[in-house]
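Two complexes come next, and they have one chain in common, subunit A, joined by subunit B in the first and subunit C in the second.
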Partner chain A sequence: MTSDTVRAAPRLTPGTVPKIPPSRRRRLGDLPVAALFILPAAVGFAVFYLWPAVRGVYLSLTKYNVLTPPRFIGLDNYERLLGDHLFWNALKVTGEYVLINIGTQTVISMLLAVLLYRLTKSMLVRGIVLLPYLVANVVVALVWFWMLDFQLGVVNNVIEWLGFDRVAFFGSDWAIPTIAGINTWRHMGYTALLIFAGLQMIPPSVYEAAAIDGASEWRTFWRVTLPLLRPVMALVMVLSVIGSFQVFDTVAVTTGGGPINATRVIYFYIYDQAFNRFNFGYAAALSSVLFVLLAGIAYLQMRLSRAAESDLRGS
Partner chain B sequence: MMASIRWGRVAGWAVLVVVMAVTLFPFYWMLRTSFSSTRALAGGAADLLPVDFTLGAYRRVLGLSSTAEAVAEGGSSGTVSFWLYLRNSIVVSTTITLGQVFFSSMAAYAFARLRWPGRNAVFTVFVTALMVPPIFTTLPNFVLVKELGLLNTYLGIVLPQLLMTPFAVFFLRQFFLGINGSVEEAARIDGAGHVRTYFRIILPMSRGPIATLAILTYITSWNDYFWPLLVGKAENVRVLTVALGIFRSQTPQGSPDWAGLMAATLFAALPIMVLFAVLGRRVIDSIGYTGVK
Partner chain C sequence: MKRSLAVACAAALLLTGCGTSQEGDKPAAAGPATIDYWLWDTAQQPQYQACADAFHKANPNYTVKITQYGWDDYWNTLTTGFVSGTAPDVFVSHLSQYPQFASQGQLLPITDQVKRDKVDLSIYQDGLADLWVTKDGQRYGLPKDFDTVAVIYNTEKLKEAGLKPAEMAELSWNPQDGGTYEKAIAHLTVDKNGKRGDEPGFDKKHVATYGLGLNGSGDAFGQTEWSEYAMGNGWNYADQNPWPTRFNYADPKFKETIKWFTSLIDKGYMPNLDIVSSGVGQIDAYGAGKYAMVTEGSWNTKTYWALKGVKSALAPTPIGPTGKRASVFNGLADNISANTDNPDAAWAWVKFLGSPACQEEIVAKQAIIFPAIKTATVKAEQAFADAGIDVKPFTTHVQNGTTHLAPIAEHWAEIKATMTETMESIFAFKSDVNALDQANATINGLFG
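Then we have the complex of A and B:
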């Protein structure tokens, strides 16, 4: 074995890096091969992530309609943004959407995760709850658009049959809660499975200890399960909130931002500025602000939920 | 004590059954509506079975029915062919999946198994991109694709996702890190270079995670709407999601062709549902992994 290694050793590197003296080779390690392996991804990263990020910041400082070259205007776009009531409206509408979406989604997913954990190991049940997440946003939006139609939608017909008034689900009062509800429907199973994965990481011994202490199920959930789930929940919440802020597809194929501006969420407003009004510079400024906002929210969430720490280690 | 636990289970199952019913009902309603005649829908808005059963909606959506036939059942007079959009979706998703998984796995190999100066710094930069909201890079990417003259081409649609995504690199690197070094060592002793080791040892040993990533990538690109909407509206490259949005906005405001729309919707969702039915367990198991991201 040892002699084999010794004999094989000289054959190792010379084939790949023939001319580099040993000292330099040690410093560079596998660099030549690594460069080869990383090249396609590095090109992709540089061209479609790094460069556009830099360019996005630059474009946000220009007036640019895509057809003529961008003209540098300093911070004008950001100044304009502060006085743009449609921008503030977009933030307000998006905030409302995120609150309703995250609120309902978190509660339902948590309940669903606990039920799945306690009741069944069935892959079929898990598959069913995951199904809506695998279908495109556009598909989900259209199906609910149809089911919630004022005249012909099955939901309104059932509501009327029960003796209530029909609801204009996509009217200005209901549109945001409706869209939030639709996306809760799409994401609840997925989020439940994430939490479910977190539940499985809690060692059974802590439940046994709680049972020996005579804790009720309710008490065990609040005092044992929930605190131990905190790191997972923190991560799930950060990802959900960031995702939720980026709602676009559902709005685009149902209300298109209306009625008036009732559903003109921030993503849709950026899209509208860039592709309908050709204010690319302004749209870039809007997306920069969104980026900073999301980073700030994620940071706050991580801080508040102490996501990196686990209660398991301490106790 | 015993009785109370059992009642808890009954209540739990009741909730679970309700959730599953709410989850499945819209899929049934899609199916039921797609086999109805749009003109007849008003007469049986809450009927559980198709109203005036017909395959007309599918014939319309797949470009098989004449204009007169389509109009008679409440469709629009324009012809659409979702076969074409299906082809486009397959081309786009397949290309993205193959390219992204392959090139990302190469990069992940360099990050996980090779030693070179600056490795961790470069990796950190890659992973930082995970936190950038897509819209921030999407607008400049649109400008770039336009400048390259690639609007309304397959290449323009697939390019930003073809060579890597930070998530794919991150995901595979995690698995490559876990591979036992002794196997690699043995290969090297046998005189295998890095390229050979990658193709003959690393890739075959990571079949599972690679398949998982490929499925996730395929589903994601199949369902993507925003990017193809920006760069691929033209009919010859239009993917299913974009086609659905256009089909919905084309239907006259007063009376949308609901049956046609639901037939098209189901047609667009079917391939993913079939994929899920075949690979269910792997997809479900993958959810835990992505959560760790």
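Then we have the complex of A and C:
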């Protein structure tokens, strides 16, 4: 996907596009074939995404406990949602998580990507960077949970050996930063590779030009690398922010939403309402709100970062 | 069914995605049949496999296929199974879960079968069989086991503290100063510098061994956390049990118990909630020597004895202000799904699981749990003794009538959610025990 955005760019420039007069028949002629190719994906999308989403919106207007048929109750679920302190708490906690997670993950990934790009061509190193991503989320969470255990964990033993007080990593103050950190650790390699792919798209000529102009390394990074990475970064950010909002398994495996409500992130709250408390209608309402929220955030991100445009023209 | 299946897919998609559901092959009612049986405890799987083999021998037509799911996944998988028609024929059920399944028509009542086959319900420990009768008088299960609570302590730490096992058996407790029970806990607590909890200069911020371990705030149940104190203080969960209509979480007796219990955290005798939630679990911390004693349920006994590097012994829960000890009395049974392919086969299997042939001849000898049948309990006690474990601290409650039924209520999931939040807040000292007033009002509001 990343390569397309950049490679497609030259084609947009006038002159390179072969001038074929647009003919109505020809366009129609492509349609059946195109439809045929899209069909498998479209069926999957309709059956597994579109239909459940529509059902979800309908269910959000009902009282439904799975085992008896849903009963239509209008907007009651949404009204309840506005007055539900746990919903607002979930939004707050999730927001905190996303900020910490995306902040650290983006900075570290960028650093990693630049290091990979400048220092090594070794496939082995690239593979190692990706390694945490290849381990299942639940396993990562469990291993860290053990290592960060207050009384038995290796991390706290090292902290105490260094002369500091032990840290309750999954206590109410630290739980969200800890969980955000664990997921940063898991995802940074993957994100770094995406950015790395973006770096490779930047033509060496612009760097040569910058070098001839006497730009320092620091300045080159800010003035050349970052601006040219923007479309790739926009994609990475949209994907990782949406992914980050969907944090669930790490919480489920470690804190289960506690202590008190410190880690009751929105996905976990939806799950709790649906599968532990059988309030499927209410859970569907929560999901619908989250859907609108995520769509809005993604739209804003795309607009603000002008993701569809590239600064690379006629290179 | 189809309609709800689509809905389940929609719901499940949120988390996992939904494949095609598998319709179990439906055998003819009279011919050979396979009975799908689910349980959650890996430690108990071998003994019930043995029962299944014996059952198959006695009824060659019936084969039992056992599937195990961990406790955390068990109920979700089961609910999804009910919706999609892939639920097992028979499954191990829990008192806190079965009321909502029964009220939604997912369980097959066995009232008539019990009458028809003249099943003798008096062979079970008193009260256990009645737990599985709902408000409308329908019976849903035959008791398979029971559990109570006791203190498990590290014998090495007890010796270091200069306490005698005989003293441990006679501890008493009250909500004002904690009695001899708190004195023992304080003396068993040791800080990093080797100072004990009852010595001057004890550093409560750097504790090496806590006198008493903690598993969590105990939500609405507190089975192994605080129920033994609260009920020894004359408190009950609700106005009646089973099927309460008013809960007692705002009762002064409960409040003073919780106030005392959380004061152990403040004194440094028990780990705080941050430590507990930043930990893998009470059993592992105890195994590593971080806790001198813990309060535990009988089902975990063997797990504690299997820990390497610690030697343990049992003591009964302390005598409360009522002059009596107390323990929650909980028990499991097997439920039959309402849409089982073969109700006759399922009933035959449930009846076998509730019979001496399974409980007395097989389960009791494994010394993992206490079977529900009175004569089998005695055999299990002997089997535990043969394994070097004196389980009298658990069974004393049954002999002396100091057991209190586990709460069996509608809306339990909602009650639990409300109490989890409130209790954790109290345990973290973010609110005081008067927050229970609000929680109790919310809970009673569920019952109209």
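Here is the rule we go by: the second predicted complex is superposed on the first by the 266 of 315 C-alpha atoms of A that agree within 3 Å, B and C clash if a C-alpha of one lies under 4 Å from a C-alpha of the other, contacts with A are read in each partner's own complex, and residues count from 1 in each chain.
The rule is simple: a residue touches a chain if its C-beta (ideal position, glycine included) is under 8 Å from a C-beta of that chain, and two chains touch if they have at least 3 such contacts.
Not measured: the values here are computed from a predicted model.
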{"item": "Touching partner for A:226 - first (subunit B), second (subunit C), both, neither", "value": "neither"}
{"item": "First, second, both or neither for A:151, with subunit B first and subunit C second", "value": "both"}
{"item": "Touched subunit A residues, subunit B compared with subunit C", "value": "B"}
{"item": "Partner chain in contact with A:172 - subunit B first, subunit C second, else both or neither", "value": "second"}
{"item": "First (subunit B), second (subunit C), both or neither touched by A:291", "value": "first"}
{"item": "Partner chain(s) touched by A:75 [first = subunit B, second = subunit C, both, neither]", "value": "neither"}
{"item": "Subunit B versus subunit C as contact partner of A:211, first or second or both or neither", "value": "neither"}
{"item": "Which of subunit B and subunit C A:143 touches, first, second, both or neither", "value": "first"}
{"item": "First (subunit B), second (subunit C), both or neither touched by A:42", "value": "first"}
{"item": "Which of subunit B and subunit C A:135 touches, first, second, both or neither", "value": "first"}
{"item": "Where subunit A meets both subunit C and subunit B, residue numbers", "value": "48-49, 51-52, 55-56, 59, 66, 145-146, 149, 151-152, 248, 270-271, 274-275, 280, 283-284, 287"}
{"item": "List of subunit C residues in touch with subunit A within their complex", "value": "3-4, 6-11, 13-15, 17-18, 75-76, 79, 82-83, 100-101, 104-106, 205-206, 271-275, 277-280, 284-285, 288, 290, 413-414, 417, 420-421, 424-425, 428, 430"}
{"item": "Partner subunit C, residues of subunit A touching it in the complex", "value": "48-49, 51-52, 55-56, 59, 64-70, 86, 145-146, 148-152, 165, 168-175, 248, 255, 258-261, 270-272, 274-278, 280, 283-284, 287"}
{"item": "Subunit A residues within the subunit B interface of the complex", "value": "4-5, 8, 11-12, 15-16, 27-31, 33-35, 37-38, 40-45, 47-53, 55-56, 59, 66, 108, 111-112, 115-116, 118-120, 123, 125-132, 134-140, 142-147, 149, 151-154, 157-158, 161, 185, 188-190, 193-194, 197-198, 217, 232, 235-236, 239, 242, 245-246, 248-249, 252-253, 267, 270-271, 274-275, 280, 283-284, 287-288, 290-291, 294-295, 298"}
{"item": "Interface residues, subunit B side, partner subunit A - complex", "value": "8-9, 12-13, 15-16, 19-20, 22-24, 26-27, 29-30, 33, 41-42, 45-46, 103-104, 106-107, 109-111, 114-117, 119, 122, 125-126, 129, 131-144, 146, 159-160, 162-164, 166, 169, 188-191, 193-195, 198, 219, 222-223, 225-226, 229-230, 240-241, 244-245, 248, 258, 261-262, 265, 268-269, 272-273, 276, 280-281, 283-284, 287-288, 291, 293"}
